[in-house]
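Read through the structure below, which is laid out as structure tokens, and then see the notes.
Naming follows writing order (A, B, C and D), and every chain is counted from residue 1.
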């Protein structure tokens, strides 16, 4: 574990549920993690595993109804966000904790100028004149390497390319120098060539500003390049947590293993390249009717009787490498 | 943009031409003409008198000739003479336009100034008791026959205040002038406010689901800022369209309201002219209304471009 | 029923109260009389009009040669007064009528009035002049006039083909103003010029009609009013509400239905209201040229089935008159007395007996409880027409006739009637003057345009001429009664009832008399005044 | 963090009712207003169907002895000036209003769907022509059009239905066309094409069913307004003629003159119209929420 004095975010036993007409599902179930200043934590998993809901829970932006945070704590710089009232939370949002969304196309207000949208973020939290805010906005656009920032500030989102828009989103998110930045699949919707630039930008700024970063992605490649630590989520639960090196060197959960096998040429992995990409058989189970035991068991080649009956606890397999699998010890050998 | 404008204007002309043909021939399908109506009161139609009068009015000519004669005049601004009053049609129509325009304007103002805020409130408070109440009230606005409402207003006003809010052609004060229009405008506006409210509500609800609203919240914007600065500005576009279309529908509501409140505007005049088969009045008035409606739609489209930066008509 | 009588009594009391009051005070000058108008007349030309919608507002613009006394409710030969004519004389053979004209009368545009204007007016009416009226609905009134000749500037004579004492009655109608020679018929439609107490100011279609006092009126000191303003309100409920709220000094004459009268009396208890016959009859036109009504038995059965009292009770709460073609007494001069009327089939008081007889006639024609006769009842799309038609259909049910209402738009009504494209029609016939000549010739003579049923009986036609030439009123009455009875027995055009209607005004309006046997002749308004 | 009763939350979300009657019941609870609207409409339809059994008197029989009776146990809503029972006339009037409402909506809707489908599917000049025609119809005020139409055709039930239906066509065809254009690009249509299905068959089997939801919503919304249009036409003297007990006719002209002396003549038919239209609108709203949350208007 990292030095606690440097801790930006501490999430403990976070639990978010959704009430739907097909029943109750636990989108985030008992998830805990921490992020330190300047650190990058990646959260990976397939779509529907709860990683985006986790992010929204941190922001307290889970749409209610149908969703609701029902337990745990989110401590940002020493104060529990879940205990704040709405007004108090508004003071934190966009100020100490910011978020970048997956869809730069739809996440910017189409009828507001780019500059104004950043200005709004600034003026919500800084007591500055509109003119000063304008200057800050242009500065931020320059910071995210948008050419001709003065002109761009006056343009509308539709006049910008996808990559540009995501840069503007980043500028907006970082305008108040937050302690924590959450980036929810920030590059998924972008062209491959742009993806790398945006990632690089986020990392540069993170370094420059010393922000903690929670990077949500399904792309292990991205994780390998950016994060210091990784959380793997499956069916709303954290199934594995480790440093990037440890995880890629020796994944302890069969699911993580599967994820790695399903991407081409995983760097620094001991697995030999195969002719055909491995897929994880089966699909993510319905979150409403989860089996009593390990949720991954039905898809797991290593599953044993016990997996179906009892949920495996997160156990420390050394050096802070946590995994929730009855057969974690055997994972490396078997695969 | 220029090419788009040219295309739009061309289509407008095509539409207007179509309307002129439709109204012209539709009127000719309606049985009987001015002569029959004029003679009806006398209890018989003298064929010789009828032929003379038809000749005098030019309605004995082939339809195509009549059409060309009319449309040619319309394009030159020569509206011909009313068959009934024998005065220039333009002179009959023009003084009535401001009356209806004021009434319609006030009704639209009423509709927008009540409908939009209530629609926003209803959307923001979706599912609450307030939302339900507003929706029921607005639906009832859409359910009352307007002439019935008008009749009840008049009756109640006479019973309660001994005053009747019918048209006053010579208002003494500015306030009286306003009162002359306000009550009937409210009677028409009630329905259209209800419609505006519903459109605003559903448009707001849709916008509130959008990603950029989440972004705004993520910035720490307050509910008010989110609802008004971000959502309303986006939600207003369909509302503008509907208000534009509503302007055309308003004419229908005005016919009935002008009758109940005895307002000498164009809407009731049009109905009377149809009853008299006063072709020059009906044709030209319908064309004028069509021009207004078509231009209103055009303006709404242009307003779209102003309000929505995404739209720059280029195709 | 009690309430109906009470209302009638109250109306009579009102009339009494009004007549004493109006002559008690000294007339005051000034003020504008505000009235509503029931609809927008086609134009301002009375000679071309055929509805009192034109007469009411524009009669005050003109004068006639002679006019019915404006303060005697009953128009009669005795109530005809000189107007632009100072006096008149009949020749011994009643074939020439000479008028001495008033001098120094001026048209509203300042030109002098002379005998030439009289000639012009009647040439126009007889279709003899260069200029033509757009429509000329009363041409037949002058069918017995050979020529109108001026003798100098201030005398004019009418030469007749045969004696016709009734000509004077038609000349005294509000429908017969004298027009100026120097103004074209077209101008008279849009901006009428007359010699009357009020000058035309403006007529805005569907909006208003304004008249202003003629300061140079030849009757010195008249009119009392500064002007008359009509606001056109087509919706009757709105109009009545506006009257009750005090927006108007007077309702449109004879426009108030009996049920509405009750409403006005309760809402505006001070208002003065009178109910008078309008001399408009509601009748059935029967197409006897085609089955089934070419069968006289079926025609008779239909006439027998009518329960006239029920019509009167439903539509007028009892306040309307039952009679033949001519308006019944006491308001009507020529109508049959009640005992004579009740001898006509269908007029007898025992409705059930009449209907039993009607059923026998129907059975004779081959119809019965198991075989109904399907009939279309056509009428115009106006409440005054539709409402009695609904009752008629209901009554015909009692004699195996299933009626279906066929509502026809105004524009199609007369062409349809002229085509004989109907079985039964429900029609209203207004009589401008209470005179048999006008009524009989227009509606029952062979070949008349308004004889919709084409009833043609040469025998009766001879009687028409006989009564027309009769100068003794009492002898003429006997003739008229015989004719009227025969017309009803022939089911030429069964008369259902003669309508009544109310007129109301605020108590300060003085000098208004509503005529009791016509609704076209009493709107000169030169001595109406406001006691304010 | 406030304590949460999971069961309550789940019931609220409808987790207990996913199929069959329980689902309907749940939807009725969720959309109370819509359920009320549906109830009103069902009552309205049943009334129309069983008018002969519900009405206590013949709606056309004139009875001069019992004219203008106040509402009483004998005549629940009083009698009119002809002595006809107002309650019976309102009950039978439901038939007329329903005939006008459903008749004109169905007629206008069917033609509108055919036009919209053809227009959206064929594109090209057919589309261009149809679009212009619907532009023309939309620029003419609806009531004026209906007014001229009834004047031209003469006032009778079928003619009034036709006159009200025609102005509906452009609205329906616009919605259908827009949906058709969007659906044409959908993969399942491409797929159908690739297996050699004919265009007409694709339009009817694939495209039409998928545009149905917004159309049903539109139709329900229009139902109410057609009833109101008929009432307005009656008010202007061009609706369904006497002696049919049309609600609009019952309210207008001479009846309106009784507003103070016999208010029941004006109040009950007014309530009948408003209630029927209100019911249709409530139901239409709920239907829109359930079937097609994105539909506007």
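Observations
Throughout what follows, a contact is a pair of C-beta atoms (placed from the backbone, for glycine too) under 8 Å apart; a residue touches a chain by one contact, two chains touch by 3 or more.
Protein names from UniProt, one per chain: A = ABC transporter ATP-binding protein; B = ABC transporter permease; C = ABC transporter substrate-binding protein.
The structure displayed is predicted, hence computed values, not measured ones.
Any chain that touches chain C and also touches chain D is listed here: B. In this assembly, the chain whose C-alpha centre lies farthest from chain B (ABC transporter permease) is A. With centres taken as mean C-alpha coordinates, the chain found closest to the middle of all protein C-alpha atoms is B. For the pairs B-D and A-B, the count of C-beta pairs in contact is higher at B-D. For this pair, chain B (ABC transporter permease) with chain D, the centres built from the Cα atoms lie 22 Å apart.
Between the Cα centres of chain A and chain B (ABC transporter permease) there is a gap of 54 Å.
Per-chain CA centroids place chain A at a distance of 93 Å from chain C. In terms of their C-alpha centroids, the spacing between chain B (ABC transporter permease) and chain C amounts to 41 Å. Counting partners per residue, chain C has 235, 237, 267, 409, 412 as the residues that reach two or more other chains. Counting only residues that touch two or more partner chains, chain D has 151, 154, 256, 259-260. For chain B (ABC transporter permease), the set of residues touching two or more other chains reads 30-31, 151, 155, 259, 275. Interfaces, counted as pairs of touching chains, are A-B, A-D, B-C, B-D, C-D.
Of all residues in chain B (ABC transporter permease), those touching chain D in their complex are 11, 14-16, 18-19, 22-23, 26-27, 29-31, 132, 135-136, 139-140, 142-148, 151-152, 155, 159, 198-199, 202-203, 205-206, 238, 242, 245, 248-249, 251-253, 255-256, 259, 270-271, 274-275, 286, 289-290, 293-294, 297. Touching chain C in their complex are the following residues of chain B (ABC transporter permease): 30-33, 36-46, 49, 52-53, 56, 82, 84-87, 92, 151, 154-155, 158, 162-164, 166, 169, 259-262, 264, 268-269, 272, 275-277. Every residue of chain D that touches chain A in the complex is listed here, in rising order: 1, 4, 6, 9-10, 12-15, 17-18, 26.
Looking at the complex, you find that chain D touches chain C at residues 60-62, 64, 67-68, 81-83, 151, 154-155, 237-238, 241-243, 253-254, 256-262.
By the touch rule above, chain C contacts chain B (ABC transporter permease) in their complex via residues 40, 42-43, 49-51, 132, 134-137, 186, 189-190, 203-208, 231-235, 237-239, 241-242, 244-247, 267, 409-415, 418, 429, 449-450.
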